[in-house]
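Here come two complexes built around chain A, the first alongside chain B, the second alongside chain C.
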Partner chain A sequence: MGLGQPIADAFKLASKGWIIPFRSNVMLYLFGPFISFFISFSMWYLLPFESQVASFKWAVIWFLCLSSVNVYGVIVSGWASNSKYSMLGTMRGVAQVISYEISMGLLMLFPAVLGMSFEVYEIFSSQKWVWIAFVSYVALVSWSITMLAEVQRPPFDLAEGESELVSGYHVEYGGMGFTLLFLAEYGCLLLVGFMLVGLFFGALEEFSVVFFGLMAAWCSVWLRASVPRCRYDQLMMLSWKSLCPLGLGSVVLAMIMKISAGLG
Partner chain B sequence: MSRSGFRQDMPPTGGYGDIPYKKALQIPRLKGYTKIAIATGITLAGMYVCTKQIQMNSRLRWEENDARLATWPLVKAEQDRLHLLQVRKNRDAEAELMKNIPDWKVGTYYGKPIYHNAPENHKAYSPDEYYVHSDPKKELRSYYSN
Partner chain C sequence: MNTVRIGFFVSVLLSMVFCWELAGVGMMTCLLYCLSLVLGYRGGSQFREKSSPYECGFEPIGGARSSFSLRFFLLAMVFMIFDVEVVLLFPAMAGMMMDFVPVSVYFQGFFFFLILLLLGLWFEWSEGSLEWL
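And then the complex of A and B:
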């Protein structure tokens, strides 16, 4: 009977006190996890559901905007802690997220152009005959790698790096602050899983989006067990030398297909 | 005191052979060129079907847009009709409420008529005033029931 254990854990974490580090920037230190949590769960607004209450026209742009603003949670919570480890983790995380945003934007344009919309529901439902994963599996794999780096999951968790930085940007957080940062990270991860099955595999029903999205998120936990953390220069080279050209190529391919569909 | 038939267990003459550590199980694997050919085939077929899918989707969008344009006057007329019904309801409620007050002119605001909205004395009213005489539960139900 371990069912009560997670609930008890949640209550324990929520009821722990805040330990505020000496000479830290108190307001920002307390505020950082809330920024992270709020932005991460605002992104969930774009997911289409059967009721259509929360699906809107510029969802892909919303996703791109919020995932670039999401880095402020890391900046604020890492800088305000007044700790060398968290500052180093913040620098790493910010550089990583900013460089991976470019390939993320380019690779998200690929399903958006082929689905002829920025609305997530339209892109999901436009794949009636063939999934976009079959059109370019390169775009699928590149987007998955990019999103792993974007939400800072292993093997790209350089911002946390337990072996060299103690725990990265959330060294100094415990209790509710840590819980919020943790929830923000996992919320992003789940959303990325849902987006993956929707954008590339055309999952439309709530059941299949949730089930296969959870499977995609589970694959990232699986990767943490099997892949070692990569080096920082390898991470940057992967972004600028492999994923950016692949993203540009995907956009060009999508444009060619769109134009040929218009001609034929 | 040697027993006959006893044989000491010793390594074979010439020692043991090498341990066969190489993988003995033969898993059938595709060759590299076959894999590339399969991936290219799937991608090309996917691209062809996807161009057809784009054409189908754009035809569906055209049809949807045409239907929206065709029904637009009807939708606007229905909106206007609902607006007028609500406004008449407000006017009747005001007349019912103020019937005991002498020389009260229904439908005026400081002497200006609000329902005959000529451009110079047009007064836009807030949603609170517009829905002031209606039942909130009923309005919500009618809003979410379509």
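And then the complex of A and C:
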């Protein structure tokens, strides 16, 4: 009977106190969580649910743009709170997110080219006969790793490594600022799960998108329990020296597949 | 002139209606945030100890806005170049998807472009701007 727990948790968090840290930039300090939350929940517009007014034609580009802008939440909230820990966490987080953005952009083109559309619903429904996960297992794994790093989940949560930086860029936040930063992170995580299921497993009905997307998000929590945090230089090498060439290769692979299938 | 202006306003209004969800998210966030900021405010900078930045029990030494490692700056430069190139890929792919030209024709140009990207990556790799240690 733990169903009431999340709601009670939300009330507790909202009623917690907060302070303005000494010599912080007050406006930016207050604005940082707002940016993070707003951007991460604007991204949900691209999912093809019945409740949306319209299907979004450029959804993939929307996702790319907003997840690029999402880094400003980290920059603003970390820099403005005038703490060394949050500053270090910000620098790490920004470097990590921008490096993984390259491979994200490239790997996202793989399902987009195969589905011949930037519209999420069309990409989902183009996989009626075979899932893109079966077409290229490498692209699936690289995409999952990229997304884990992009939303800064373990084992890639170097920006908030508890053992060396106390909590990274949100160490000075309390109350609703902290809540919004965390909701933004979890909102991104769920969306990424839904995107994974949609782009690579072609879930078409709302129920299966939600169910398997939640399973993907659950897997990331599972990873948190089972995998240790990696080293920072390893993280960067993984992005630039493995995922980036793999992304370039998978774009070429997708185009070659299109041509050899006689669809071009 | 006037009709152009009216058309502009109509299109702005339409796009605002279309973006109702964004406005909803923004309003919800504002409401939640303002409410709890008012409810949970426990004093500003008048409490010196409480509002001092967290530093493991020390008095804070110096400011936090210090200089940082040049590695991060270099990485941001490399990112800039690559991101511009990746962003250039997207409109071209969009053109391909709209069936202006067959994929095979696009591929001839794109293969060259992607090879160029790969060569750039190789150059940065060999030059050592990707190394962290």
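We take it that the second predicted complex is superposed on the first by the 256 of 264 C-alpha atoms of A that agree within 3 Å, B and C clash if a C-alpha of one lies under 4 Å from a C-alpha of the other, contacts with A are read in each partner's own complex, and residues count from 1 in each chain.
In this text, contacts are C-beta pairs under 8 Å (C-beta built on N, C-alpha and C of every residue); 3 or more make two chains touch, one makes a residue touch a chain.
Note that the coordinates shown come from a computational prediction; the quantities given were computed from them, not determined experimentally.
Peer 1: Could you classify chain B and chain C on chain A, in the superposed arrangement, as clash or fit?
Peer 2: On the shared chain A, the partners fit.
Peer 1: By the touch definition at the top of the document, which applies to A:P245: first (chain B), second (chain C), both, or neither?
Peer 2: Only chain C; A:P245 stays clear of chain B.
Peer 1: Considering only the touch criterion stated at the top, classify A:F38 as touching first (chain B), second (chain C), both, or neither.
Peer 2: second
Peer 1: Applying the touch criterion given at the start, work out whether A:F134 contacts chain B, chain C, both or neither, answering first, second, both or neither.
Peer 2: So A:F134 only meets chain B here.
Peer 1: Which partner does A:M116 reach: the first (chain B), the second (chain C), both, or neither?
Peer 2: Once the two structures are laid over each other on A, A:M116 reaches both partners.
Peer 1: Mind working out whether A:A225 is in touch with chain B, chain C, both or neither, as first, second, both or neither?
Peer 2: Touch status of A:A225: no partner.
Peer 1: Tell me the contact category for A:K258 with respect to chain B and chain C: first, second, both or neither.
Peer 2: Both: A:K258 reaches chain B and chain C.
Peer 1: Using the touch definition from the top, say if A:S126 reaches chain B (first), chain C (second), both or neither.
Peer 2: Touch status of A:S126: first partner only.
Peer 1: Chain A residues in contact: does chain B have more, or chain C?
Peer 2: Per-residue touch count on chain A favours C.
Peer 1: Minimum CA distance, chain B versus chain C, superposed model, integer angstrom?
Peer 2: In the combined three-chain model, chain B comes within 8 Å of chain C at the C-alpha level.
Peer 1: For chain A, what residues appear in both contact lists, the one with chain B and the one with chain C?
Peer 2: In chain A, residues 116, 258, 264 are touched by chain B and also by chain C.
Peer 1: So in the complex, which bits of chain B are touching chain A?
Peer 2: Contact set of chain B toward chain A: 39, 42-43, 45-47, 49-58, 61.
Peer 1: Which of the residues in chain A come into contact with chain B in the complex?
Peer 2: It is residues 114-116, 126-132, 134-137, 257-258, 260-261, 264 of chain A that touch chain B.
Peer 1: Which residues of chain A touch chain C in their complex?
Peer 2: 14-24, 30, 33-34, 37-38, 41-42, 45, 52-54, 58, 61, 64, 68, 79, 81-87, 91, 94-95, 98-99, 101-102, 105-106, 109, 112-113, 116-118, 166, 171-172, 174-177, 179-180, 232-233, 236-237, 240-241, 244-245, 248, 251-252, 255-256, 258-259, 263-264
Peer 1: Could you list, by residue number, the parts of chain C that touch chain A in their complex?
Peer 2: Going by the criterion above, the answer is residues 18, 20-22, 25-26, 29-30, 32-33, 35-37, 39-45, 47-48, 50-56, 60, 63-66, 68-69, 72, 75-76, 78-79, 82-83, 86-87, 89-90, 93-94, 96-97, 102-104, 106-107, 110-111, 114, 117-118, 121, 124-125, 130, 132-133.
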